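Next up: some structures, all given as C-alpha cells.
Across the two complexes that follow, chain A remains constant while its partner is chain B and subsequently chain C.
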Partner chain A sequence: MEFDFTPVVTYFPTLLKGVGVGSLVAIAVALMSVIGGLVVAVISIYTKKLVSWPLRFFIWLFMTTPLLLQLYFLYFGLGEWILIPAIVVGILGLGFHYMAYNADIFIATIKSVSDGQYEASRSLGFGHWNTILYIIVPQAFIRSIPQLGNNMILMVKDTSVLSAIGVAELVYASQYAISVSFRPFEFFIVIALMYYVINILMELGQAWLERQTAYRR
Partner chain B sequence: MDFDLMVEVTPLLIRAAWVTIDISSRAIFFGFFVACGLVFLQTFRFAPIRWFARGYISVIRGTPYFVQLLLVFYGGPSLGLRLDPITCGVVVGAFNIGAYMSEAIRGSIESVDKGQSEAARSLGFGKVQTMVSIVLPQAASLMIRSVGVLAIVLIKNSSLVSIISVVELTYQAQRLIGSTYKPLEIFTLSALMYIIIIYAVMGIIELAYRRATRYTTQ
Partner chain C sequence: MSTEQSTDTPMVEVRNVHKRFGDLEVLKGINLTVNRGKIISIIGPSGSGKSTLLRSVNHLEVIDEGAILLDGVQVNRPDMKGLAFERHINTIRQNMGMVFQHFNLFPHLSTIDNVTLAPRKLKGMDKKAARELGMQQLERVGLAEKADVFPNWLSGGQKQRVAIARALAMKPKVMLFDEATSALDPELVEEVNRVMRSLADEHMTMLIVTHEMSFARDVSDWALFMDGGVVVEECTPDKLFSNPDQERTRNFLQKHLGNNH
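Moving on, here comes the complex of A and B:
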C-alpha cells in the first residue's frame, strides 16, 4: 500500500476543467432554481387553485423522489423526442429539483410576512400585484437567505451526481485519468478535498451574506 | 400509458424496492450507533478526541455522498478494503448519516434547558441517570423529528448506490427505461414506490413522535 500522487498532478488541468464545468452548471442551476422557485412560489400562493394545485403537485413530486431518478427520466425521456446535450439535461434536472426545494422555502417565508404589510401597502395605493412585487417578495427574500444558502451548498455537492448522465464535471473528468493510471484512491481523495474547500468557501460566503442582511430581517 | 407493460414490470420494481428498503434500513440502524459514538466523543475532556469528532463531521458534511461512495468502493481496495457493492452502500450510508445524525442528536440535547440537568443533579441524580431519565425524554420530541428527516434524505440518497451496480430501485428503473423505451411509465411506477416508502417512514416517525410526547402538555 503506497500512494502515488504523480498521476493526479499530471491530470490536474483536466480536473480543473471539471471544476470549471461544475461551477458553470452550479451557477446556472443557482440562477434557475432561485428565480424559478420564487416565481413558482408566488404563482402557487396568489393564483386560483386550477393553476396552483398542479404547481404544488410538481413541488411535492420533485421533493419526494430521488434526484438521480429524475435525472434518468429527463435524460432518457427527453432523449426520445429531441437530442439535447447532457449538460443541458443536467442543468434542467438539477434546476427543477432545487427549484422545488426553493419554492417550498419561499412559500413559507412569503406566508410569514405579516398581513399588515399587505393591508398597509394597499391602503397607500399600491395595486395587488405591485404590493406582492415591491412589498411582500423583497421581505420574504431576505428572510429566505439562510435556508437558500443551505440549499445551494447541497446543490453544489449534488453536481457530482450529474456525472452519472455524462456531464463533464469533476467526477466525470477524473474517470479517464483513473482508468489510465489505476489510482482511484488518490484521485477521489483529491476530488473530495476540492469539494471540501469549495464547501468551506461557500459556508463562509453564506455567513457573510447573512451578516450583511441581518439588519433587514 | 402502456398499462400492460406497467403490470409486467411491477414485480421487478417491487423486488428492487426491497433492496432499497434493506440498504437504507441497515444504514440508518448502523448510522445511529455511529452518531451516538460521535456525540459521545465530543464530550471528552481530552481535546484531540473532540477535534477528531468535529473534523470527521465537518469533512463528511462538506463532501458529496456520491464522492464518498466512489472513494470507498473504487479507492478502498488500494487500502486493502474490499467490499461488495451492497455492503459498501450500507457502510458508506451509515458513516455518512452518522455525521448528520450526531449533529441532530447533539442539537436536540442542547435544546433542553440547562436548568433541568442542574436541578436533577442537585436533587441527587447521577450524571448518567440525569441524562437518561431527565434530559433525553425531553430531547426526544425534537430528536425524532430531525433524525426522521435525515432518514428520509438517506432513503432518497440510496439511489446513488446504483452507480456501484447495486440493483436497487433507481438502477432497475434506469435499466427498464433503457430496455423498454417507456420512461414515463417506468418513472411513474418507481416514483410511486419511493413515495410509498417515504410516506411509510413518515408515518413511523409520527407514531414515535406521539409516543415520545404522550405525557407532555402542549
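Moving on, here comes the complex of A and C:
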C-alpha cells in the first residue's frame, strides 16, 4: 500500500477547524467539570443526607453508564421535547460525565486534609464554611492536580465521541474528507498525531502545575 | 489558691466541667481559674484529660456539663444553636490563641500568609497593614526572614514558632498551648521555649499543657497535676515539683523525671 498525504494537506484547514471546535468544547468542559466537581464534592461531604445523597446518586449514575449512552440520552432523548444544539449537548454531556469523575477525586482529597487543619482554622475564629473555603478546598485542590490532569487528558480524547451526535470536532471534520478522498489511514494517522501533540502539551502543563505547587502540599 | 492569684481578675474560668466520650468520663468536674497575666501549667500522664481540658476551653471539645468563661463571657452555650452559636464561638475564638502539638500550619500559604490570613479575613485588615502586623509577629518569634517561605521548608521548631506568631496576630487575651514541644526533636525544644518565655515576660496570660517539667517549673505561676480526669493537686510550681502532697503526684514525677534526667 502506498501512502498519499495530499488529501490531508488539502483538507488540513478543515481539520484545524475541527481542532478549534474540539478545543472550545474541551475548555468549556474542563471549567464546568472542575468547578462543578468541586461544588458537588463539597456539598456531598458537608451537607445533610437529604442534599448529599441525590448528589452521590448523580455521581454514581454518571460513573456507571457509558458516555456515549449519556450523550444519546441527552441529544435524542431530551431532543423529543426541546431542541438543543449538538455542541451544547456535547458540552453538557461531557461536562456532567467528567464532573462526576472529578467530584470523586475531590471527595477523596478533601477527606485527606487532616482534622488538625480544620481545628487550627476554627481556633483562629474562622467559621465552618470559611474554613472549607480558605483552608480545606485549596489544599484539596493542590492534591487533586495529578488526577485531575489525567481526567482532563481522558476528556480531551473523549471529545471525539461527540462526533456521534454531530459536533464538528476533529474526528467529525475528517469524515467528509475521508469519504471523498478514500484515504482513511492517512487521515487517522494525522489525527492521532494531533491528539498526541495536544496531550503531550497538556501533560507538560500538568507537570508544570505540579512543580509549582509541590512545596505547598 | 495563693493570695496573689485571687486578687487578680480571672481571664479563664473553668467551672465543674465534665466531659464524656461514650461511657468514658475523661473530665470529672474540673475547676480552674487563670487570672490575667498569669501562667498556669498542667502536667499529668497521657490519658489524664489535660489535653481534653485545654481543647474544651477553645470549644474544640464540647463539654457535657459545667461552664467555661473567657474574660467573663461564657464560651460554651448549650442554650444557643446553629448560626447564632457559630457567630458567638467565632468571636470568642478570635480572643484565644491556640497552639497545637503538630503545629497545623497551613501548607498552601506562605509563612506571612499563615500569620495574616485571619486578621485580613476576620478583622478586615487591608493587605499592607496585615503584612506589617504579620512581620511584627514574625519578628517576635525571630523568623522575619522566613516570611515568604512555605511551611514545608521550615524545621519543626520554626513551624511551631510561626504557629505561635499566627495565634498572636489576632491579639488574643489568652494563649493555650497543647503540648507545643512534644512533637519536636530535643534540640529544637529550646527555641520554642524561648519564645514562650518571652511571652511570659510580656505578661501574656497562658494555659500550658506540657511534658516539659523544668520549663513548667520555670515559667508558671501555678501548676496542676491531673490524673484520671481530676485535678489531683494544684499549688505553686516549686512545691508541686519538689515537694508535692499527693502520692500520685510523687509517683508521676519520679517516673517522669527519672526517665528524662
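The working rule: the second predicted complex is superposed on the first by the 217 of 217 C-alpha atoms of A that agree within 3 Å, B and C clash if a C-alpha of one lies under 4 Å from a C-alpha of the other, contacts with A are read in each partner's own complex, and residues count from 1 in each chain.
To be clear about the criterion, a residue touches a chain if its C-beta (ideal position, glycine included) is under 8 Å from a C-beta of that chain, and two chains touch if they have at least 3 such contacts.
Because the structure is a prediction, the values reported are computed rather than measured.
Participant: Once the shared chain is lined up, is A:H128 touching chain B (first), chain C (second), both, or neither of them?
Facilitator: The answer is second: A:H128 touches chain C but not chain B.
Participant: Please work out whether A:F73 is in contact with chain B alone, chain C alone, both, or neither, and reply first, second, both or neither.
Facilitator: first
Participant: Check the contacts made with chain A and report whether chain B or chain C touches more of its residues.
Facilitator: Counting contacted residues of chain A, the larger count belongs to B.
Participant: Return first, second, both or neither, reflecting whether A:Y215 touches chain B, chain C, both chains, or no partner chain.
Facilitator: After superposing on A, A:Y215 lies in contact with chain C but is clear of chain B.
Participant: In the overlay, answer first, second, both or neither for which of chain B and chain C A:Q206 touches.
Facilitator: Neither partner.
Participant: Contacts for A:I142 in the overlay, against chain B (first) and chain C (second): which applies, first, second, both or neither?
Facilitator: After superposing on A, A:I142 lies in contact with chain C but is clear of chain B.
Participant: Which holds for A:N150: it touches chain B only (first), chain C only (second), both, or neither?
Facilitator: Touch partners of A:N150: none, neither chain B nor chain C.
Participant: Using the touch definition from the top, say if A:L61 reaches chain B (first), chain C (second), both or neither.
Facilitator: first
Participant: So in the complex, which bits of chain A are touching chain C?
Facilitator: My answer: residues 114, 116-117, 119-128, 130, 134-135, 138-139, 142, 213, 215-217.
Participant: For chain C, which residues are in contact with chain A within the complex?
Facilitator: These residues of chain C touch chain A: 58, 60, 86-87, 90-91, 93-94, 96-98, 100, 102, 104-109, 117-118, 121-122, 150, 152-153, 163, 166-167, 170.
Participant: Which residues of chain A touch chain B in the complex?
Facilitator: Residue list for chain A touching chain B: 1, 3, 61, 64-69, 72-73, 76-77, 80, 157-158, 160-161, 163-164, 171, 178, 183-189, 191-192, 195-196, 199-200.
Participant: Of all residues in chain B, which touch chain A in the complex?
Facilitator: 59, 62-68, 70-71, 74-76, 78-80, 156-160, 162-163, 169-170, 173-174, 177-178, 181, 183-184, 187, 190-191, 194-195, 198
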